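Both of the next two complexes hold chain A, though its partner changes from chain B to chain C.
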Partner chain A sequence: MIFSKVKGVLADEVLDLPTQCPSSRTPPPPSPVTVQPPASSPLDFEVRLGIAGKVVKRYSFLIGDPLMVGLSFGEKNFIKGGIAHDLRTDGRKRLTYRPIFVETGVIPQASGSARVKMGATDVIASVKAELGKPNPSHPDKGKVSIYVDCSPTAEPTFEGRGGEELSTELSSALQRCLLGGKSGAGAGIDLSSLSIVEGKVCWDLYIDGLVVSSDGNVLDALGAAIKAALSNTAIPKVQVAANASSDEQPEVDVSDEEFLQFDTSGVGRHYIVDATTEEESQMSSAISVSINRQGRICGLTKRGGAGLDPSVILDMISVGKHVSEQLINKLDSEIAAAEACDEDNEMDS
Partner chain B sequence: MEYVNPEGLRLDGRRPMEMRQLRGEIGVVSKADGSAVFEMGNTKVIAAVYGPREVQNRSQQLNDQALVRCEYSMANFSTGDRMRKPKGDRRSTEISLVIRQTMEASILTHLMPRSQIDIFVQVLQADGGTRSACINAATLALADAGIPMRDLVTSCSAGYLNGTPLLDLNYVEDSAGGADVTVGILPKLDKVTLLQMDAKLQMDTFENVMQLAIEGCKAVASYIREILLDNTKQLEFRRGV
Partner chain C sequence: MAGKASATPATYSPSPTGHRKKRPPTLTDSDWIRPDGRTVHQCRPAFLRTGAVNSASGSAYAEFGNTKVIVSVFGPRESKKAMMYSDTGRLNCNVSYTNFATPNRSQAPEPKDLSSMLHKALEGAIILKSFPKTTVDVFALVLESGGSDLPVITTCASLALADAGIMLYDMVASVSVSCYGKNLLIDPVSEEESYQDGSLLITCMPSRNEVTQMTVTGDWSTPKIHEAMQLCLDACSKLGKIMRTSLKESASCPHD
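Up next, the complex of A and B:
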């Protein structure tokens, strides 16, 4: 499953803006509309696939926005003006992602792990499989849980309990789009593939995310890292000894030689896109959409206080869907390259 | 259990006085003022330094020196069995304190009054010797942040099992119940800034074990110096000097 987000300016408003610069050498004067947006009209927004990137910003608002203290009026206008002109501060277009780097197998003790870097955002995801007992109401399904931890290395404000709010928001956004409903229906991961003996033993998958460095769009990065970690995950093939009596816990042989390759039904969410911390601080609202490989929406979260017109939301979703196709492909090839590199290393050693 | 076999090899194939493989890298967290990864075998730690900067909590401000703060945290996936511990348990509070005191001893805090330096260490993989790895990573990160220091602090542990002093214990050896001596030194000034031991040892054995740990620290110090020199050369190259 991958996530992406889209940040942009409403299409209509972009077109209406007086965007012609009088001189190509001087920076474009911020259009009056951009400079003084009426509080009620969301001039720019972000669409993300079920990601919690917005959390950073909301959190910082609550505590007096220590991060964003550094942005001057001019800088804010520069960011907004750049978005209006489809040329952002780092040279990207509105719908362009930062380059994504994927590295798999970074945590040897885990069943699968991956590290994803997007610009200065750096996250690690690990998957650990443990044998557990299935939930009585769903005896034929395994269990998956997702936790995200924000390391203070990413942001000094995450010290102590400071990162907890963001961690919770990120975990619940990921759970919402990866795990589906309570029954496990609609999950990005096929839970019945985790069952070993119905009602007796199943695999419990623990997915842990760690935010090492954050520069916006943490949710997308985590989604990509989890997807990569799951595709890197190998859980031992389990054989159940048939002679165990029905009351006893079946004996489980774990063979080290055969592995089941585990894969998700690729869910991606995209659309914006990939705002940096500075850009996130200027967003009035954001939508995170998670979209799977078939182009279906798996999860949707709207953040930020400003209201959005329903048609804008639909528009953002369709943009997200469009961007997600490219992102899923890009991510697939990155993961394949990382896996190949990982295998080479194993052969060498 | 036999921790040193008759051929004189340890469980992971090392000789008693051999360290695990070291690896260090500078500048892994782009947003921090200074950062580093340090690996000792399978133990892997990230350190990030923010500062010197304005003191966040005015009541903690010191008018004659910088305030040094440190937080140690372990990733959920860092240990063999997955653990989910609340933040700020006793062990991590104690290690945070130890790291802070050790680093404070080497930082020239009097040059930066009324400012704050934050050191955050995050354990990605724990396989024994996390304390030492954290201190070594923090030293690299502080150097990367350009914070004035008396000397590089380096740390290494040594233990005593099966009648043999062993350098740089891994998790299995660490939990074997023998003595575990963790030493931190300022290698150029030749001073000890950190010394911790659990379990008990004969006086004269202790001297040997501690001497072994100090030798380990010196080896780490020369490795860290190499990394810093390499890094400086690269920076120099990029500037076109």
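Up next, the complex of A and C:
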């Protein structure tokens, strides 16, 4: 909030200041302020506070908290009007995603990893497999844990405990869609494929997400990154012999069931997908639906905000289903391309 | 405490009309006996009472079967000094479990996750503009966890907010449904929850017919979601009536 206020006040000051400081005035403030002109879109401008021209800090805004995004009345109307006319500020239609870039195998220490960029949103997901003991209540299943870390490099407000709330929100939303019900039905990852010796040893999969930069729709980006990381994951095949000498055999891929995180945000009476930070600040409520390849819903979370009519929710689900078909195909081809590229690199080195 | 249950209608099971016909005649579906002897679309008896804590601005106690929850609401009071200025009020939610709430001491679910879910469920119902610059604290304590904890916490918290005189668009009622194969079980107990294939939770404002929070886990088809939503919304509107009656009761004969 302070940041946005700074922006408003300083921007006005700049406009009011005469181009040459009259000598009668008090000396100019030590931090001259420059307002970057809008580069790509009229909304995408930033405030730079500099000392002697050197950029000290760039302030961007916390996602998910409408109060933090400092938008003027005109900008808000511009976003809303654009959405009503099916032409958003970056030229997209309501149901168009930003281009997705996928890179796999980015973390050598992990069993599988991927980096996904959607516009200015940038996330990394890594999968690590460790041997562990299965849960006594599910002896024939492995364990999967999902954590998301919001790095202060993405937002200054994520520092310390600031990102904690968003981290828990993202982690629990991902857990909900990836791990399915308590009995393991409808899970994105087949937990029984992680079992090695029933009741004794199993694989523990640790899925870690890292938000490197956030410009809206972090949940979808994380979902895509985890999907890519899982398809990139290879864990050693373990054979247990009678004399208990475990033997590392050729690698076997963890089956990655198809799942897709999918986001529909409602601004006014229209639904949009893949909202940027500015658009997220204007939406009244949002629903994240994850849909698998069979077109079945395997997870849904409403992200706070105002109440919605039940029929609107059902409508949003059907919109989500419609768009997800294209997105799944697009993501598949991106992952395949990234894997091919990754293999080429390995061959070269 | 349950012994004092008064004239409040105690059950909020959705009306059976329509559901019975829709359900496939497979399995022993219609005479499925649940651990506590209920039928599939029968809810646990609900006991709600306001004014459980004297020092709080508002409080409520809820007992749904074995799930026992107490919620106190403090405020609106001045936001912490470190907080930035805000022209709308803030809502702070905190859910905690007692050590003896669950059979195993360390089994309690992640309270941070529940707190954020409670926050999301309530924020859409509170008129935050009515108390600028201040914070309302909602503290929920689960005394005994007997399944469907979050719906009970949310319902109880909404009643406590109403008791504290916080401006609300409507009270929120919350109900969850568990899915087993083709069957839907309303208001599951912990035992049922640990074997469920999927679950659906709805928090809604019954008079406005608006959903403030909804989560789905597991694998669902659209018609199934539709059926489960109808079931939940029906139960929510009945639960809303129970909440209203219990508020009216406490207003007409205040506790000593």
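By definition in this document, the second predicted complex is superposed on the first by the 250 of 349 C-alpha atoms of A that agree within 3 Å, B and C clash if a C-alpha of one lies under 4 Å from a C-alpha of the other, contacts with A are read in each partner's own complex, and residues count from 1 in each chain.
Basically, contacts are C-beta pairs under 8 Å (C-beta built on N, C-alpha and C of every residue); 3 or more make two chains touch, one makes a residue touch a chain.
Note that this is a predicted model, so its numbers are computed, not measured.
K.L.:
Quick one: on chain A, after the overlay, do chain B and chain C clash, or do they fit? Just give me the call.
P.N.:
Here chain B and chain C can both sit on chain A without a clash.
K.L.:
Between chain B (first) and chain C (second), which, if any, makes contact with A:Asp315: first, second, both or neither?
P.N.:
Neither partner.
K.L.:
With the two structures laid over each other on chain A, which partner does A:Ser172 touch: chain B (first), chain C (second), both, or neither?
P.N.:
The answer is second: A:Ser172 touches chain C but not chain B.
K.L.:
Could you look at A:Tyr206 and tell me whether it touches chain B, chain C, both or neither (first, second, both, neither)?
P.N.:
After superposition on chain A, A:Tyr206 lies in contact with chain B alone.
K.L.:
Give one of first, second, both or neither to describe whether A:Glu280 is in contact with chain B, with chain C, with both, or with none.
P.N.:
It touches nothing on chain B or chain C.
K.L.:
Please name the chain, chain B or chain C, that touches the greater number of residues in chain A.
P.N.:
C
K.L.:
Scan A:Thr153 for contacts with chain B and chain C and give back first, second, both or neither.
P.N.:
In the superposed model, A:Thr153 contacts chain B only, not chain C.
K.L.:
For A:Asp220, select first, second, both or neither according to whether it touches chain B, chain C, the two together, or no partner.
P.N.:
neither
K.L.:
A:Lys302 in the overlay: touching chain B, chain C, both, or neither? Say first, second, both or neither.
P.N.:
second
K.L.:
Could you say whether A:Asp122 touches chain B, chain C, both of them, or neither, answering first, second, both or neither?
P.N.:
Only chain B; A:Asp122 stays clear of chain C.
K.L.:
Just to confirm the geometry: in the superposition, how small does the C-alpha gap between chain B and chain C get, in angstrom?
P.N.:
9 Å.
K.L.:
Let me check the overlay on chain A: which residues of chain A are in contact with chain B and also with chain C?
P.N.:
164
K.L.:
Going by the contact rule at the top, pick out the chain B residues touching chain A in the complex.
P.N.:
That would be residues 28-32, 35, 42, 46-48, 50, 56, 69, 71, 73, 75-77, 79-80, 82, 84, 87-88, 118, 120-122, 124-125 of chain B.
K.L.:
How about chain A: which of its residues touch chain C in the complex?
P.N.:
Contacts found on chain A: 1-2, 67, 137, 164-165, 168-169, 172, 176-177, 179-183, 185-186, 285, 287, 292, 296-310, 313-314, 317-318, 321.
K.L.:
So in the complex, which bits of chain C are touching chain A?
P.N.:
Touch residues, chain C against chain A: 84-86, 88, 110, 112-113, 116-117, 119-120, 123-125, 169, 179, 193-199, 204-205, 208-222, 225-226, 229, 233.
K.L.:
Would you pull the chain A residues touching chain B in the complex into a rising list?
P.N.:
Checking each residue of chain A against chain B gives 66, 106-110, 113, 120, 122, 124, 126, 128, 130, 147, 149, 151-156, 159-161, 164, 206, 208, 210, 212-215.
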